[in-house]
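Structures are listed in the sections that come next.
Here come two complexes built around chain A, the first alongside chain B, the second alongside chain C.
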Partner chain A sequence: MKRPTRYLTTLSKVYLGVILLFLYVPIVVMAVMSFNASPLYALPLELTLDWYRALASNHKLIDAGINSLKLAVMTTVIASLLGTAAALAFFRYEFPGKRLLQILLYPPIAIPWLIIGTSMLIFFFWIGIGRGLHAMLLGHVALALPYVVIVVSARLAGFDRTLEEAARSLGASPLQVLRYVTLPYLLPGVVAAGLFAFAVSFDQFVVSYFLAVPGVSTLPVEIYTAIRKGFTPEVNAIATLVISVSMVLLLAVARLYKFGGTR
Partner chain B sequence: MSDKADIQRRPVNRALPVLLGPAYLWLAVTVFLPLSAMVYFSFLSETPIGGREAVWTLSNYGEFFDKAFYRTLMWRSFRLGAEVTLLCFLFGFPCAYVLAKMVKGRWREALFLLVILPFWSNALVRIFSWTMVLRGNGVLERLVNVFLPDVGSLNLMFTYPAILIGLVHSYLPYMILTCYISIQAIDDDLIEAARSMGAGRFTVFRRILLPLALPGIMAGSILTFVPVIGSFMEPRLLGGRNGTFIGTVIEDQFTAVFNWPLGAALSFIMLGFVLIVLLLAAPMIRRAST
Partner chain C sequence: MAAISVNGVSRQFGSFRALDNVSIDFADGGFYALLGPSGSGKTTLLRVIAGFDFPDTGTITIGGESVESIPVEKREVGLMFQNYALFPHMTVYDNIAFALTVRHTARAEIRSRVHEVLELVRLQGLESRKPAELSGGQKQRVALARAIVFRPRVLLLDEPLSALDKSLRLEMQVELKRIQREVGITTLLVTHDQEEALTLSDRIGILNHGVLVQQGAPLDIYEHPATPFAATFLGDANLLSAQTGSFLPGAGGCSVRLQSGSTIQCDNPDVLDSRDIVCAVRPEKMHLLRSDETPEPGMNTLSATVVRHIFAGSSLSYELAWHDTTLRVFAQNNGAPLFAEGSPVTIVWHPSHTIVMNA
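The block that comes next holds the complex of A and B.
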């Protein structure tokens, strides 16, 4: 057996380190600058919490933050419910057109968000739904739904159906089977899918951007507007908060749903 | 439809529309009807809102083929997509290999998580964070000047390389994730066997790793290439005046110029080109999925 030489092992570790630096340095720089007193990002660093204090009185950003959270929570609930139901249907039944319906889950993921977003703008405007929070909710759920179906289906794939049949033969009604056998097994998958849906909505910029109206927008849209207008460390502060929320969420998903697999 | 006889066929019952109806009704209203409406709009002479009369026309599509401007932009966007995809592969594949085959146990789990953590975090914020690093007198410039005082100003911000860096940063975790999954599935014994029979590292890479990891590479490439073609926020923030691509022109039609029919037509032409590229890559994708 040949083992990788020591030299190669060290080299590969260094390489991984460089990739991680590339991925994290900009984020760390941004976070550090949000604590820097100089609005021109001058160094050396002079620590301050002023920019976070300024956030507390920035109503525009606070309102946008509340909108973002509301949208993300509603998206999570609706997408989890509809998506889990669809995943159950695909798992349980064979029917004509099943394959087509499964393929139809991919356009919302595969078509660039720019096109999805602008087509929503056209259609919603045209039939009178208009723009605003309700339109964004429609859009966010559509983007999150396919992911929920995929994640829950993956969990279902490992489900032993004889368990359901055993429960049936012991006299449980279909609803009881669902309540006491299927759903408890599914729960980790549904929770992971729900957290996924939350992240999709909370981080969504493109679709929200096209469906926002002045005064009613979400954090990413407000951050974008602020960046384009010329930014201050206040933007760093809110951006740091936003990225912290999504990273914590993803760590939670990772605990429930092993991405890397175990081997 | 599945033709597997062993799948127990339950009668299609009333539960089916209840379970599937809401999800697909939602998708119909938010994705499929809007895309159809966009097709319709792309053939109109004007945005039919506010009482304006619109007639059927092909001129929006004609515009693209008449004006070199749009063709140049489409080409620029495709070049950007290809370059970002290639860079992601060049940097991501070795990283995926090291993670899958050279790091073991707990370390692997932790490192893997660290690599894909940025993948779902806010794309806009991550692009914004690069402006801190790349701007004149920013972190990168200072760092370079500490070691190489003669270089002076790098002037990276608002250039094509800045857009490349930002987009590679955005999509690298995607490529690492998909490559990692397929490399991990390769049996170590296969590599050992080849090595013990005298294959060099490069031969192992070319004859074993590359073909067996092809599904992951193709998936990662598609997942990178397609969204990059349609990107507009990244070129705007990092490219400034140099950041005009087909995506930014489409965005302009909807948010600044209000020429929705032209925007719709350009969107579908873009989708069409993406489809052609995917079809050209289809033999490779098919080989990858068998």
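The block that comes next holds the complex of A and C.
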């Protein structure tokens, strides 16, 4: 009776270990090599901060990084606001075309970014928006919006509407109900949705690549260009920085809201 | 504190008529129960009074003031929900203080008012707990405190005790009644639990299919139900159908010929329409005699057979076969010998306990 389950437990542990190995070993290797003096990944390791110093004077990468951050922050704010409002409207009201709108939210997640990027480029030129940071912002917000609506809607699904009724009966205006009851309940969902939006924008390569103008690009586009020109460990350095920052951010949020755990 | 007046209110949801021309007055300071099965319209009536829903026709006044154009948050109505609806992210103190906070009441005033109601509901010391850390009975008390702290004009309770287990429910009934008396607020309780309605309220309104069937003091409704529905929904009743046109009012009493052929006496002359009559007798008003015993003169009697008896400690209930109907009779367990199953008996009751109703 006991033996098969023990085998299974061992097997699943090994399986999990292999998954983690394949996920994290490349990242760890990259991080370690960003401190290695040899640009050819030669061992033994010779500790150096040269690549980080080189990075500090690489204005192209730094500017691209700043652009990426700006875009991601603006995308997060705009997509979170619009998406939360949309999710609330879907939750609260019945209106003609509601089902259709809800269904239309899903295809953008499934359509390849390459196709979305191409069509955005054509469309933006056609209506005169053109390329550049503003076009990228529009594109990123459009890409992030479905994620926000879906994540916030999932949180709303568990919301007890009698809480809003209770608040109103106690004298709260619709705005006060939103501020004191609905939004505090929604906050973990909105934060998770905001993280998604941030990730969609910050990681965005394809759509940004199409909408970037020469001289103004984002970090993923710039890294790609740098790799094409010839790989330097500076890329390892900036990637290590980015990963460290996002890890810290994610852990902080997870700790704050206990994702997946009891609330 | 204020009286509520509901005049000719109807509410239709698609083809479902939730309220059908309901008119009822709730006097200032009274404790009312709206009693009915699910779907009877009692909750709709409560929501219409609270302002969450609006009547298609008819008017509602609170304290003499028409409330049609007043939104929920301005109606000054305290509400207690079936699931308590406590704000999960706020402490007990913040939950109770909510109504005062949104009114921008001064902080010191909030503090003293919250402590006042905490004392009233006997929850001192739990201010900083979150709702998730409270027992069912404590949540109940917080919900009540929150609903009365801003001194609303009326208190509306939507099945407030149905989530509690029986012993806690009885305890909370006593508490609710005490607090309502102390505060003196007009209170409207929606419930499907007849016992709760009988013990708590000064007046009961019985609703069925959106129609107000009967209203009155608990004792009045229990002893003189106006319809067979009221008779069977509030308490148990043995219904005896009468032959059409067999209701004969006479001096000092009247007689009814039942469909089985037997004639019974009653002294209930206030039925106007004598065409279709149904009689009812409460099971506890009947008692049983052996078939060879002679009942006192002037009593109603029916001959029946014991089908089974159900022993419940302090009391017994008999199921009896009489023609093709089953009758129930309650008896105290006072040491008298039980009637065996299958034995022939005589059911005896006083004519004044025959309830005569229009079918």
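Observations
What we mean here is this: the second predicted complex is superposed on the first by the 236 of 263 C-alpha atoms of A that agree within 3 Å, B and C clash if a C-alpha of one lies under 4 Å from a C-alpha of the other, contacts with A are read in each partner's own complex, and residues count from 1 in each chain.
Throughout what follows, a residue touches a chain if its C-beta (ideal position, glycine included) is under 8 Å from a C-beta of that chain, and two chains touch if they have at least 3 such contacts.
Given the structure is predicted, the values throughout are model-derived calculations rather than measurements.
Look at A:A172: by the touch rule set out above, it reaches chain C but stays clear of chain B.
Once the two structures are superposed, chain B and chain C can be ranked by residues of chain A touched, with B on top.
When the two structures are aligned on the shared chain, A:D160 is found in touch with chain C, with no touch to chain B. Of the two partner chains, chain B is the only one that A:M30 touches; chain C does not reach it. Of the two partner chains placed by the overlay, only chain C lies in contact with A:Y180; chain B stays clear of it. By the touch criterion stated above, A:Y7 is placed in contact with neither chain B nor chain C. The contact sets of chain A with chain B and with chain C never meet. Interface of chain C with chain A (complex): residues 50, 52, 71-79, 81, 83, 85-89, 98-99, 101-103, 146-147, 150.
Contact residues of chain B toward chain A in the complex are 1-2, 7, 9-10, 12-13, 15-16, 18-20, 22-24, 26-27, 29-35, 37-38, 41, 49, 91, 94-95, 98-99, 102-103, 108-109, 111-118, 120-126, 128-133, 138-139, 142, 169, 172-173, 176-177, 180-181, 184, 192, 195-196, 226-227, 229-233, 236-237, 247, 250-251, 254-255, 260, 263-264, 267, 270-271. The touching residues of chain A, when paired with chain C in their complex, are 160, 162-163, 165-173, 176, 180-181, 184-185. Listing the residues of chain A that touch chain B in their complex gives 1-2, 4, 9, 12-13, 15-16, 19-20, 22-27, 29-30, 33, 41, 43, 81-83, 85-86, 88-89, 92-99, 101, 104-105, 107-108, 110-116, 118-126, 138-139, 141-142, 145, 149, 196, 199, 202-203, 205-206, 209-210, 220, 223-224, 227-228, 231, 235-236, 239, 242-243, 246-247, 250-251, 254, 259-261, 263.
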